[in-house]
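Below are two complexes that have chain A in common, paired first with chain B and then with chain C.
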Partner chain A sequence: MLNLLVLAAEAPEVKWGIFVPDDSTIAGLFLALTMGILVYVMIQRARAGLPIPEIRRIAGLEAFEEAVGRATEMGRPVHITTYYQDVGDYDTWAFWAYLAHVAKLCASYDTRIINTNSEWLTMTVNEEIIRQAYLEAGRPDAFIPDDVRFMSDWQFGYTMGVAGMIAREKPAANFLVGYFYAESLILAEAGALVGAIQVAATSSTAQIPFFVASCDYTMIGEEFYAGAAALSKEPVIYGSVVAQDITRVALVALIIIGTLLNTAGSSFVIDLIKF
Partner chain B sequence: MSTDPQIWVQAICTLACYSYLIKENPAYRVAEYTLVALYTSYNITRLYHSFIKPYFINYCLEERQYYFIVMGLLGLLLYARYAPPQYRWLARYPIALQVGWGLGGSLARSPRPVFTQVADVMRPLNSIDNVVFFVCFLVVMSYFFFTVAKESKFIQGSGRIGRYIMMIGFGTAFGNTVQGRISLFLNRLTFLLTDWIGLSV
Partner chain C sequence: MKREVPLVLTFVMTLLRFGFEMLNPMLTYEISEGVRLFSRISFSVTFMYCMGLFMGLINLTRVHGNTIRRRREHWIYSVWLLIVMYGYAILGLFFGGMESKPFTWIYDAVIVPLDSTMFSLLAFFIASAAYRAFRIRNVESVIMMVVAFIVMLGNVSLGEVLWSSEAFLGGFKGLKDWFLATPNAASQRAIGIGVFLGSYAAILRVALGLEKRYLGGID
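And now, the complex of A and B:
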């Protein structure tokens, strides 16, 4: 019966002959293309050393060095983790900038770094990043491969494993960086129980409240990505963040115009965006 | 007191997990390792039945769709990281493929949901609710301007107000979730007192 109803229904009109007839398909394509061009231009400018806008100071970034320094003084390890993020997720890419920064600090201070994982492919990249940091610091022998650990790819298996590891190893610094879910508060509480200085950076709006309540420093939302760019100084990340920022301002301007027009009774901007 | 061994296992595991609140101890460690081991063993079985059996045994060997071997070989290249150093670079190829696939997929899926939200933000300013929403939206957004107009006192002040507004929102979310967590704890407590010990609560 359902099949008959589907057949009887009028076929939806395909936009411009190839686009599915959903809201914002063509507008979305134009946004992607515009952003792509903007990102490319900004990356090229950053690579060529041409002036591009500087990223403002982000409270919390300095805390990474402070926390690693404290761990060094106390002779205790540093722990850094991100929850289940695939290598193709942009949160993972931002996490790698933080991991490289922390690994470099640990390698130069000769402090042990522990990285826990719930995604096996991300773990292999993490291991390479940490190994490279020790190599650059001239201490390849100080790198301990067993400190890059796979816990479990099941959420609470991972959580329990990390909480147990924190209780046993007692890291002096606990960095929770990336996209988290319900495990966020458990991990942060485990760190608080052993007296670790805790820095969190996440784009997960649902978990920010827990990090704000239980960590010493929290980078919220887009600060996480901007922080990655500021830390790495990598032209690709830096140029992308600047391009995103310009797009964000343009969208806010569009929203102001759209809201005023909508108040006046015109849905021109909304129709444009839904096209 | 319950005589059902399953209830006893559940109760002991629950208490072992809560013992972490006192300090890390052997009971917690047993629960932790058991949980991780159980899931790992379950996952190996699941992966065999979800991937190796259908793709390699059924499609590749039985139906002779040999192109699945290419994917299998790419997957096997990941083990090259355990090979002698001169062959370890081979492990980068499957990772590169996965990264490209993931980022391409993200790019294709990303713009539309953004525009759906943007269109929803543009509400007519004909009620107090909508005006408050619009003002809050603008000040919160200005907190996330990292490069543009970062020297402007107006944007800095607006961003500071935006941060306070976000904190109010975070506080609400925190309180809401803590209540949820307490109800989860009460559920466990009810289980221990009624199902295990046999009290009537």
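And now, the complex of A and C:
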């Protein structure tokens, strides 16, 4: 019956002959292309050795080394997790930059790194990244495969597992990096209870207050992605962050112009964005 | 070659996905009658996950079987894990399916209460985190505490008794609504715009092959 209704419904008109008939398709395409071109230009500038702006100092980013150093001094492990992000998620890609950084630090300081997972494909890549870090540090035998753990793909099953692990193994550093949901505060408070130095980096606006309340350092919103780029220390990757900042300035200008025009009674910018 | 093939595949799949989002002829393209290319590609992900589930089942049996055979530390938990995993799967597959009473009862009587118990811990953790966060150390924490106090009072009946929503400024409830709808929404949207741009730049880095950590390396 539902199929019949769908077939009977009039098909929406296609935009400009080929575009998907949704609000903001053309505006989105324009923004995507503009930013793509900007990224390309900035990368070319970086490759040619031309000056590009520096990424500002992010306090949370420097705390990673401090926290791993503290764990080494205390002889306790380091814990890092991203909860439930699959391999196709851009938060996972950013997380891998942090994981590689922490794994490199742990491998060079000979400190145990525990990675807990809720997604099996991500766990496989995580294991490879950590193994590679130990290999490059010349300590392949120090890598413990059992420390890359799958907890559960059920939210609170995973949370119980991680909280229990933190209570038992008492990591001296707890890194919560990625997109989190209701488990964020439980994980962060479990870390606070064992006295771990905690660094959180998240793009989830709903979880920012919890992390700010319970972690020593919190990287919010785009700091999380910019930090991932900054860790690479490659000017080519810096270029994409500069392009992102230029687009942001343009968007803020558009918001201000739109507000002024809308106040004056013109919906030009709104129509443009919805186009 | 081991690195080039995934990089090319990533770029092609990014273009395909972009096309599905933007171009109507691509989104509605049918490889046979009633079967869209988009749904077939989406199905490949489901297929991969099913294969992963099967491999996970074999791997768990192997790992925990070894633990039990060698009587490693906490081996009894491995026994329990295998009993629960296979028992619940057999119950669902051969005894009335997922709608059967024993199957749903185990879910309702075990999983749901455990879930709720864990979720309810949040209330206590919020209290302990709030205690640390609201200690007055500087101007920012004073502002945070005052605003949190107003929002809390705006949500409970005590706030209504102290300063009614009928009174000046809409009482605590009016102030709470203003805090949530104006400064809070504005800052959330600002962060949201930053997240969108940051995530888009991250996608571009991967699509253009600048970011290769998903291949398992550290650089």
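The rule we apply is simple: the second predicted complex is superposed on the first by the 252 of 275 C-alpha atoms of A that agree within 3 Å, B and C clash if a C-alpha of one lies under 4 Å from a C-alpha of the other, contacts with A are read in each partner's own complex, and residues count from 1 in each chain.
Here, a contact is a pair of C-beta atoms (placed from the backbone, for glycine too) under 8 Å apart; a residue touches a chain by one contact, two chains touch by 3 or more.
Please read these numbers as outputs of a predicted model, since none were measured by experiment.
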item: Touching partner for A:A46 - first (chain B), second (chain C), both, neither; value: neither
item: First (chain B), second (chain C), both or neither touched by A:G161; value: first
item: Contacts of A:I18 with chain B and chain C, given as first, second, both or neither; value: second
item: Chain B versus chain C as contact partner of A:A133, first or second or both or neither; value: second
item: Partner chain in contact with A:I208 - chain B first, chain C second, else both or neither; value: both
item: Touched partner set for A:L251, first chain B, second chain C, both or neither; value: both
item: Chain B versus chain C as contact partner of A:A188, first or second or both or neither; value: second
item: Touching partner for A:V125 - first (chain B), second (chain C), both, neither; value: both
item: First, second, both or neither for A:A103, with chain B first and chain C second; value: second
item: Residues on chain A lying within both footprints (that of chain B and that of chain C); value: 25, 28-29, 32, 87, 90, 121, 125, 154, 156-157, 160, 185, 208, 210, 212-213, 220-222, 226, 241, 248, 251
item: Residues of chain C defined as touching chain A within the complex; value: 18, 21-25, 27, 52, 56, 111, 114-115, 118-119, 121-122, 125-126, 128-130, 132-133, 188, 191-195, 197-206, 208, 210-211, 213-214, 216-219
item: Touching residues (chain side chain A, partner chain B) in the complex; value: 22-25, 27-29, 31-32, 52-56, 58, 86-90, 121, 124-125, 151-154, 156-157, 160-161, 163-164, 167-168, 185, 206, 208-210, 212-213, 220-223, 226, 241-242, 245-246, 248-249, 251-252, 254-256, 258-260, 262-263, 269-270, 273-274
item: Residues of chain A defined as touching chain C within the complex; value: 14-15, 18-21, 25, 28-29, 32, 35-36, 39, 43, 87, 90-94, 96-97, 100, 103-104, 120-121, 125, 128-129, 132-133, 136, 154-157, 159-160, 182, 185-186, 188-189, 192, 203, 205, 208, 210, 212-214, 220-222, 224-226, 228-229, 232, 234, 236-237, 240-241, 243-244, 247-248, 251
item: Contact set on chain B toward chain A in their complex; value: 17, 20, 23-24, 28-29, 31-32, 35-36, 39-40, 43, 78, 81, 91, 95, 98-103, 105-107, 110-112, 114-116, 118-119, 121-126, 134, 137-138, 141, 144-150, 166-167, 170-171, 173-174, 177, 181
